[in-house]
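There are structures below to look over.
Two complexes are shown next, each including chain A; its partner changes from chain B in the first to chain C in the second.
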Partner chain A sequence: MALTDDQKRGWHPVASSTDLAPRHVFHGRLWGQELACWRADDGHVNVWVNRCLHRGVRLTIGRNLGHELLCQYHGWRYANRSAGCTYIPAHPADAPARTVCSHVYPSLERHGLVWVALDGDAGNAVIADIPAGGTLLRQMSVAVAHDTVRRALEAGGAAGCSPFHFRDEARALTLFLQPVDAGVTVIRGILDAGADADIARLRALDHEFAMLRDRLEREHPDVPQPIAAEFRPVSEELAKVPERRRRGSTRRMRVERKWCVAPDVMAFRLVPIDGPLAAFQPGAHVDVHLPNGLVRQYSITNGPDDTTGLVIGVKRETDGRGGSAALHDTVQEGDVLALSEPRNNFPLRRDQLHTRLIAGGIGLTPLLSMARTLRLSGVSFELHVFARSREGLPFADELKALGGAVHVHTGLDAEASSAAFARILADQGEKEELYVCGPPAMLDTVRGTAAGAGWQDDQIHFEYFANERKLDRSGSFTVALARSAVTVEVPSGRSIVEVLREHDIDIPTSCEKGACGTCRVDVIEGEIDHQDVWLSDAEKAANRCMMACVSRGRGRIVLDL
Partner chain B sequence: MITLHDYELSGNCYKIRLMLGFLGVGYTTRHVDFYPGLEHRSEAFRAINPLAQLPVLDHDGFVIRDAQAILTYLASTFDKGGSWGFGTSPRRDGEIAQWLAFAGELTGSIGAARLHDAFLFELDADAARRRGRELLRILDAHLWFQEREAHGWLASGENASIADIACFPYVMLSEDADLSREECPSVRRWLDRFKRIDGFRVMSGVFPTR
Partner chain C sequence: MNDPVILHQWHVVGIDEELKAGAVKATRLLDRRLGLKRDAGGALSAECDDGHPLPLLARYGFLWTTLGTPERPLFDIREADEPDRVNVVTGSVAVRTSAPRCIENFLDMGHFPFVHTGLLGEEPHTEVKEYDVRIDEEKDEVIATDCRFYQPRAAAASAGGADIEYIYRVPHPYCAVLYKSCPFDRGRFDVIAMFAQPMSEEHTFAHTLMSVVDDTSSTTDIRHFQLSIFGQDKPILENQLPRRLPLDPRAETPIRADRSSIFYRRWLRAKNVAYGTLAQAG
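Let's look at the complex of A and B:
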């Protein structure tokens, strides 16, 4: 039997509020649809399809980590609120595609019960308004059809306010029927406020309903077939490969708070105007569309336990093109900005024994999110922050909350910094990763020092905020697009991205300076002149992909487009 | 020295491993090939336990059988003045004894249906399942009131007792016997609480909660 539109309509209770105990995952069901219900540490109630998107294992045997739900089978993690997948252990170096997101049912709490709307839009349906302060009875699950229970309640003197809502005046009771499946119904009773509700009375009523259950199950042994559950796992491909990044879709968000976190750094907390925040992962960034028309990328500093608003840190760039100045001077609390969905070009592995994080100045922002995640995941880490002075250290309060894992290095000149990097990067052990973010010169030094200390290329992860290398745009070459069957000439002084746009082939871009990784395309053949700072040296040598915004070909190249 | 005559997949043996883990008492095990070897029915094993059942505990030569009896013995021996076993109050002692007996009923119903489904023993599995379901419903009602009137354990008092240990395995393994706990939310919360006790250990088919 399949779920009908009629059954999807309206709000139904699926649990009592106290069923959603701390760190518990409650197993609910409504019209045959299995639900995983869990309360996060911030109090938010999540009601999701009770299947991991990977292999369909019940999420109710998983673990409520307080801020994420962990599937017991292969360890996929899903975020509080958005239900977006935040981590796939089998692909620790990749960010899960944004579309890997569990189905969220709308839910709310009222009368001590958790209510769910299966159709995602409860429309005009309203939850019965009953006086507050009543006492909830124990739920009684009866293995018979909803109609059978309904008739029994009416025969017992209860008046039907709707097929799912009854009033038993003689017992001072309001009763809700939860259609668990075609052949299972839960009776949820609420004793009127002020009515006798001591334990003896609760026991007497519980016994009465248990006897009703036993009688109905005896008299109606044949129940209808169960309703099929709706569930669509994600494809194997999507589970493995990060989705191709698309440009264009933005979300309006309000500046809830703007505050100073260092003399030249302002923090902004941005909250969505409609609906929940999209899922994000540590290391992710958003494009912020500014009032002056500029678009700038900023890293998300949030840990996975804060899913109600994004916090970014913006350093005033005195010789910049006006992006940071607009945020510092023009944007005020209450303003509305357009933001892209979070994108992650700097994913964090969580399967290592130890992780070293090195931040320079405002490069701290993505690493702050990583440090918070590692701390909540119980993974050993150390965070080194380099700043010009104690006073200039951004997010000092947030760093304090991370405790002893944070080491602050201030006022070091280039030579002293190099010596500090050498000390930090010494004694590299098994199963270790290094993440570094900061000014380009510092990144170059750290990468060189790490390589010298024996770190492998695939252990070193970095994110440049800017590409300060001088670009060589001379030389023309031919680009053949294997899938589009198009061949174009890229002349001297122009980029692949620019030329392809004229042919209506749009490669998504963001920084257009070879620093953000958004325009990555796969290379099928040909020699590439890599000019970006996003790919590692090994990736550049492998010649399997390139940054189409700044890198060029020699002679003829074939791209997977 | 403590030696446990043990079979990894036995819920009754698991009770003893849980108890020794909570108490932090060291022990060795002697593997008994319950399935498929049916070693518990061998003449050699019946010299140790004429009932041909697991588990059996040997503590410095003192040999005792029956999971509930072993739990009682271990609590009295290694948890003197503690709250796992008897001695807190006459009322609580009575409650513990009552739920130890209930654990025996769980073995005879859910445990039996599991033997049929997972180990291919011949018995009336449907009758065992029906009884198992009745017991789960009784347990759920009891635990709902215990959450309100006491501390959410089977017996009264702030801490879990050997009654909780005795009832945990076959309730936790009920899905091996094709018995869902979906209609028993209080039971599910109790299982979660139990798994969070310091020293908790898992067995095959039982996942950790943290």
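Let's look at the complex of A and C:
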């Protein structure tokens, strides 16, 4: 038997609030559909389809980590609220596509019960309004069809307010029927506030319902066939391997809080106006569309246990083009901004024995998110933060919460900083990774020091906030696209990305300054004039890939597009 | 049962040494009841519940029969015949799922750190490195090579972990063979095979065989090890929904690490295997 649209309609209770104990995953069922119900440490109740998207294993055998749900089979992690997958351990260097998202049912708690709307159209149905403060009875599961229980309740004198909601005045009871399956019904009773609710009375009511159950199961041994569970197909994009990157749409978010975290750094907490926050991973950033028309990228500082609003840190750039100034001076609490979905060019591996994080100034923001994630994952790490002075250290309170893993270095000149980097990067152990974010000069020094200390290119991960190299956009060249069978001329003053966009070939980009790595394309032949700061010197010399936003060709180049 | 591909296969139906001379044993295959018999002289025979006689042969320590007329003999595991190997029948476990779900799990490395913690894998060593998968058209097999995965206490001599090399073969829709680099003799491989007996579309008897180059472990040790491994897989398999393996690419979310499973599903789809599979998502 298949689930009907009629059955999907309306709100139904699937659990009592106390069934969702801390760090537990409760197995709920409604009209034959299995539900994974869990409460996060922040109190939020999640009700999801009870299947991991990857291989269909029940999430109810998974682990409630307090901020994420972990699938037992391959350790995929799903975020509180959005159900977006935040980590796939089999590919620790990749950020999961943010569209890997489990199905979330609308849910809420009322009258001590957890309610769910299967059709997702929760707005059109209401939950019965009954006086607060009643006493929830022990639920009674009866292995007969919902209609059978309904008729028995009505025959016993209860008035039907709806096919699933009854009022028994004589007993001062409100009753809800949960259709678990075609042949299984749960009776959930609430005794009126103020009615006699001592243990003897509760026992008597429980006994009455147990007798009702026994009688109905005896009189109705033939129950309808179970309703088949619905298996939703995943999106076509996800069914393909590997996943493609796509340009995201924007989302409106409200500035809930704006506060100063260092003399020239403001923090902003942004909350979605409707729906939950999209899932994000440590190292991810968002594009913020500002009132003056500029678009700026800011890293997310949140740990995985904070999924209600994004916190970004913005340093005032005195010689910038007005992006940070707009946020500092114009944007106020309560204002609404358009943000892109979170994107991640700086993914964090969690399969290492130890992780070293080095931050310079405001470069701390993505590393703060990483440090919080590593701490919650129980992975060993150290975070070094370089700042001009103690007072200039951003997010000092947040750093304090991370405890002994944080080392602050203040007031060092270039020479002393170099010496500090050398100390930090010495004694490299097995299975270690290094993540660096900060001003370009510092990144160059750290990358050089690390290479000298024997760190391999693939162990060093970095994010430039800017490409300070002066770009040379002179000279025209020809670009041939091997797979698209298109050849275009790139004139002086224009970029490959711009020219291809006119031909409807969209290379995903983010910073468009050669600093973020988003627009990396594979080169099949030709000489490249690399102008980015993202590729390592070895990668540039190998000439097998390029950053299409700033780098250029000489003569004719062939790209794998 | 209207799946000619599965009907005309040899299927495992029991353990050779458990059927004593003069004894009869009942089992199930493809929704039918079968009787297996070894007469006093040792000759094997079998009978279907409709009275039809069936062939019964002994191979790799197991008994095999067919309800149809197989075009080809049972697949070969060359190593099992090498004289210095110990071939251990490591047990049979009933699993409430389809045979293809059991085979797919057998091909999967990504679950080692989470399901076989401390034995076949361990966090934080979770990465599934790139490996090669192809379909050998001539032999009609799925083959995954150059698979490497970190295993704690990999070497018998040392307590440390190391990458272990694996090769996977799927020579039969419901059977898979795994070659795993041997800790005692470098350059040789231990062989572990899973033969899934489809009792019904969603009830499977999973039989395992280990053929090892190991002169230190007793047969009982080897059996206990393999049973404890499969004992960890069983609850996962029984909580996997739907129970039949979905062949529609949109039913689940594959990642690069799942290439052997992607090829296995494609291979079953190309063969039109319907028994124990689902063609459509949703």
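A few remarks follow.
By definition in this document, the second predicted complex is superposed on the first by the 503 of 561 C-alpha atoms of A that agree within 3 Å, B and C clash if a C-alpha of one lies under 4 Å from a C-alpha of the other, contacts with A are read in each partner's own complex, and residues count from 1 in each chain.
By definition in this document, a residue touches a chain if its C-beta (ideal position, glycine included) is under 8 Å from a C-beta of that chain, and two chains touch if they have at least 3 such contacts.
Quick caveat: nothing in here was measured; it's all calculated off a predicted structure.
In the superposed model, A:51 makes contact with chain C only, not with chain B. After overlaying the two complexes on the shared chain, residue contacts for A:23 are found with chain B alone; chain C is out of touch. After overlaying the two complexes on the shared chain, residue contacts for A:61 are found with chain B and with chain C alike. Touched residues of chain A were counted for both chain B and chain C, and C has more of them. In the superposition on chain A, A:15 contacts chain B only, with no contact to chain C.
In the superposition on chain A, no contact is made by A:259 with either chain B or chain C.
By the touch criterion stated above, A:203 is placed in contact with chain B alone, chain C being left untouched. When the two complexes are overlaid on their common chain A, residue A:72 makes contact with chain B and with chain C alike.
In the superposition on chain A, contact is made by A:141 with chain B only, not with chain C. Overlaid on A, the two complexes show chain B and chain C touching the same residues of chain A, namely 61, 72.
Listed in rising order, the residues of chain C touching chain A in the complex are 110-111, 113-115, 123-128, 235-236, 239-242, 246, 248-259, 262, 281-282.
Contact residues of chain A toward chain C in the complex are 34, 50-51, 53-58, 60-61, 72-75, 88-93, 100, 229-236, 238-242, 350-353, 379, 431. The residues of chain A lying in touch with chain B in their complex are 15, 18-19, 21, 23-24, 26-27, 29, 61, 63, 72, 138-139, 141, 184, 186, 199, 202-203, 206, 210.
Against chain A, in their complex, chain B makes its touches with residues 137, 141, 144-145, 147-149, 181-183, 185-186, 188-189, 192, 207-210.
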